[in-house]
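Shared chain: subunit A. Partners: subunit B in the first complex, subunit C in the second.
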Partner chain A sequence: MSNQASVLDNLEEVRAMIRRHKFNDYVFSIIGLIALMIGLLTLLTLFVDLVMDGYPRFTFEFLSEYPSRRAAHAGLLSAWIGSLLVMIVTFLSAVPMGVAAGLYLEEYAPKNWFSDLIEINVTNLAGVPSIVYGLLALGLFVYILDLGQSILTAGLTLGLLILPVVIVATREAVRGIPVAIREAAYAVGATKWQVVLHHVLHYSFGGILTGVIIGMARALGETAPLITIGALTFIAFLPPSPITDTPPFLNFEWLSSGFTVMPIQMFNWLSRPDHAFHMNAAATGALIIVVTLLMNGTAIWLRYRIRKNIKW
Partner chain B sequence: MNTATQVLPNQTELKISARLAKNVRRHFVERVIEFLLMLAAMSAVATTMAIVAILLYESLSFFEHVSIIDFLTDTQWTPLFEDAHYGILPLVSGTLTTSAIALLVAIPIGTIGAIYLSEFASHRTRETVKPILELLVGVPTVVFGYFALLFVTPLLQKFIPGLPGFNMLGPGIVMGIMIVPYISSVAEDAMRAVPMSMREGSYAMGATRFQTAIRVVTPAAISGIIAAYILGISRAVGETMVVALAAGQQPNLTFNPMESASTITAYIVQVAMGDLPHGSIGYQSIFAAGLVLMLMTLIFNILGHLTRKKFRETY
Partner chain C sequence: MVTTSTPIKAESRDLNFYYNGGHKALKGITMPLYEKKITALIGPSGCGKSTFLRCFNRMHDLYPGNRYDGQIIMHPDNTNVLANGVDPIEVRMRISMVFQKPNPFPKSIYENVAYGLRVRGENNKRVVDDKVEEALKGAALWDEVKNRLHDLAFNLSGGQQQRLCIARALATDPEIMLFDEPTSALDPIATANIEELMSELRNKLTILVVTHNMQQAARVSDYTAYMYLGELIEYGDTRSEEHTSELQSQDVIPRPTRKETEDYITGKFG
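Take a look at the complex of A and B:
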């Protein structure tokens, strides 16, 4: 009798234990969700904080005026134009180089120590702190190559910085293309380069674009390397226009012009003790966040679309 | 018929030689293109070599003026003062303190997040949450600097009276939240690589999800999870704008997070903001600081990749 009672007792205990453990599962799944939400909540708080601090400056004048000693009249004109011009150089330097490197590593590179060396370098470069690229640019571009503290230097620096991003994105996009596509092209007599250019590159275009957009968004928000090369913070002029009304309609003087970019302007306003300038910094921050989030959002959406539409 | 056979070979011969010439040209173009693509790939190697060369070159000039022993043992870093001291320790202590706070925040949140994503979340949740985490990675760091200086620090001052406007706690916490996505994504990859059969074995013994996650999956993926932590450290050490804005600019040999202190990265920014003449000792000092930074992140990166590789080979 007593034996049976103890079994029953035990059964109750076991049931209690199961309930307890199931409860633990439940508790943990809530804790896990909260942990993941912390990031999102921070992002929301950050954005709301910026908008609340900076909304008086959300005016058209803020985008059309030069920086000024008086906070209420200071604007972003030279900074957003500087950002735009630097981005052009970054795009033109990083994208062809990165895509070519990615294609070489996936399509051409033999399996030997040399390819391994390149691979290790790409992985390593992705982990180098951005400010070290700034030191490289200061020593190499500014002084040894004597390019000065110019838009060209800044664009090339950021180009080097996002090169690993473009290379990795290209490689991943190219790797996803089935061998059958390549074999079909070879079968009708295409050379290797024709296969790569007309088929591999064509089909991986979306994937590469995703990586390029993410890289450009990163370059747009990057501050430290540009401060390191000595970007000026108070620029009350615009670089010479790249497009002229006399032939050949293009002008390259802007490349050697001094510049400032949006994140540096924000940093400059933020490091002033006068609180009136903090309002400008907040408005700039809100603008930078909106632009980078839009870019990253587009990239993520694009990748999702591509994944959904792939029907090999 | 006869004339035809006499003429035809001639024509085909011509065609063949033209085709062969075309083939040679095509072959040549192919080789040139391959060479150009290889040059592009070599740019990665060239960049690494250029970074190392520039840092070493300027640092060597720096160490002509400053002995390495002073650099590693002196407790003051005042290269721009009249009475110049060149001890890197205060900058290293600032860097390590802010990174340690960041890790104290990021490791628990990142690990729990990774366990949740890999073991608990439904497919739908995972597909929603991961892009959001990616968006967080895309936010420029200067904006996080604003957040640390003008939102987190004032908030902390309400709870900790006497906390100075520049301190290492606020930026450390913000940096921690910044690196959560890095840690959780690498750790999640490691946990997802654990074979399903191990989980099924555990479930068959009557273990719950939580027990399986903690006692089976986590130990099996531990080297990948540790790799995630190490890569997180490397991120925190190299982070610049948040500490440059919110941690202060005064080198300070302390591990107290309530104090203000400069980090290696913040020092480089501070010097670059001023206008130092090329070739001066102050100019060279940022390269010496950069070399130390590069070595620190390199060690962590290599350690991280080694541990990560190890877990890949297990299954």
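Take a look at the complex of A and C:
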């Protein structure tokens, strides 16, 4: 009987101990929630603030007007077109190169100390401050290659900036493919290139795309390197249209045109003393955030859609 | 013990294998594969049976630093598949493989089976259609999937997926088919289906199968090899003296001449 009593006493102790330990769970969940909220609420406040300041500017004219001395008539036309054209060059330069480099490193390159060194450097490149890329581009593209302070230079600069992001995303996506699938393909007699083309590229597409979009979203908001290479801050003209109505329907003069982009236009407006321009800046900021969120949302949605049919 | 009238399809001669880092995983293996027979490789985990199997289609070439030393000769052309001048891709076109876990591609049933043909550049739809049907029939899967050939392969059950992998390996008319523990991820019914299928495939091609399951070796194989610590301990005709054995497990190698083999097949260790 006394034995049973001691078990019961003990039970009380065990329960007290569990309660004590569970209290820690509770404490940590509160701390974690606070940490999360500080980050999220700050961003949300910023976004709401931008939207409230820039609200009067959310009109069609804001997108269809050139910048102007009068704040109420100033628009983003040259800036968003500039951003779009620069993004096209960035995409076309960074994606094929980044994907090819990532595939090579993962599938073809021999694994030794040299490829380890390259891997470390590629990862580090992703963390190099963007202004450094601006200086590099100024020296290389503007002075040595004489590409001018143009859309082409800007696109290549940002392409260089997001290249490591694309490489790393490609490698990670490729690494996610199970060994069993590769071996299955090799076992029926596929060459490396067939495995890459029919399988690796195919199954890692969602992951690569996600990386590309996130890189592009980063490039969209970049300001420093473009100021370094000499982006204009006030343009009341558009680059020549890439598409023409006469054969061959394509025109590459826009590549050598001067340009501005949305964050630079925003910076320009923000640096003016007239408060009315700050409204324009806020509206631009809100627009950039929305576009970035849309791009990231698209990336998540695409990844979900593509991964849905692939289970390992 | 082995009837000399059966032609030899392939044989390993004094085969040593070293993994990257120098570990010697196979030690002087000399063993025949008789044509249109099933040879089973048994032995405890880590004894090198999968390593040996994967030498036949040069799978070890996919990973750097692995080294073969010795020969695997294929008949009747006397090609040494391990020779430096022989392209592993050529070898894999003649010797196909079925893996331990079903590993279909995340593609349609049809494209899974057709893949080997695509790799060979066959794009004629009629030819591919016929081959796919033939392979799926050969893998006893046709009736179950003929109305949904363009469904995703992942929607099949585990056993069906494994038969799909067999169809994929079959579609290119290989001379030898390697099975690396093909039923270890399957339930008993699916296992029975695969074993039956293997017995039927024996009419067309030569089979080498790694198995953990002694009864499976006894049920499906014509010849059995027992490996231990990278060495071939014993090799024999699985059924030659069946009538003399009492226990089914002893059917594998009916009168093990080596004590190690006897201990393993009677369950004293392993």
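The rule is simple: the second predicted complex is superposed on the first by the 273 of 312 C-alpha atoms of A that agree within 3 Å, B and C clash if a C-alpha of one lies under 4 Å from a C-alpha of the other, contacts with A are read in each partner's own complex, and residues count from 1 in each chain.
Just so we're on the same page, a residue touches a chain if its C-beta (ideal position, glycine included) is under 8 Å from a C-beta of that chain, and two chains touch if they have at least 3 such contacts.
Computed from a predicted model, the values in this text were never measured in an experiment.
S.K.: Which partner does A:Thr228 reach: the first (subunit B), the second (subunit C), both, or neither?
M.R.: Only subunit B; A:Thr228 stays clear of subunit C.
S.K.: According to the stated criteria, A:Gly134 is in contact with first (subunit B), second (subunit C), both, or neither; which is it?
M.R.: First partner only.
S.K.: After superposition on the shared chain, which partner residues are touched by A:His199: those of subunit B (first), subunit C (second), both, or neither?
M.R.: The second partner, subunit C, only.
S.K.: Just checking: does A:Ile181 make contact with subunit B only, subunit C only, both, or neither of them? Give me first, second, both or neither.
M.R.: After superposing on A, A:Ile181 lies in contact with subunit C but is clear of subunit B.
S.K.: Tell me which partner A:Thr191 touches in the superposition: subunit B (first), subunit C (second), both or neither.
M.R.: Touch partners of A:Thr191: subunit B and subunit C.
S.K.: Which chain makes contact with more of the residues of subunit A, subunit B or else subunit C?
M.R.: B
S.K.: If we overlay the two complexes on their shared chain A, which of subunit B and subunit C does A:Pro273 touch? Say first, second, both or neither.
M.R.: After superposition on chain A, A:Pro273 lies in contact with neither partner.
S.K.: For subunit A, what residues appear in both contact lists, the one with subunit B and the one with subunit C?
M.R.: Dual-contact residues (subunit A): 191.
S.K.: If we count contacts the way the header does, which residues on subunit A are in touch with subunit C in the complex?
M.R.: 110-111, 178, 180-191, 194, 198-199, 203, 309-311
S.K.: What part of subunit B is in contact with subunit A in the complex they form?
M.R.: Subunit B reaches subunit A through residues 26, 29-30, 33-34, 36-38, 40-45, 47-48, 50-51, 54-55, 57-58, 108-109, 112-113, 115-117, 120-121, 129, 131-136, 138-147, 149-151, 177, 180-181, 184, 208-211, 213, 231, 234, 237-241, 244-245, 265, 268-269, 272-273, 275, 278, 286-287, 290, 293-294, 297-298, 301, 305.
S.K.: In their complex, what parts of subunit A are in touch with subunit B?
M.R.: For subunit A paired with subunit B, touching residues are 21-22, 24-25, 28-29, 31-33, 35-36, 38-40, 42-43, 45-46, 49-50, 53, 96-98, 100-101, 103-105, 108-109, 117-118, 121-125, 127-136, 138-140, 143, 160, 163-164, 167, 191-193, 214, 217-218, 220-224, 227-230, 233, 263, 266-267, 270-271, 278, 281-282, 285, 288-289, 292-293, 295-297, 300, 304.
S.K.: Can you list the subunit C residues touching subunit A in their complex?
M.R.: It comes out as residues 57, 59, 62, 64, 89-90, 92-93, 96-97, 99, 101, 103-106, 115-116, 118-120, 152, 154, 165, 168-169, 172.
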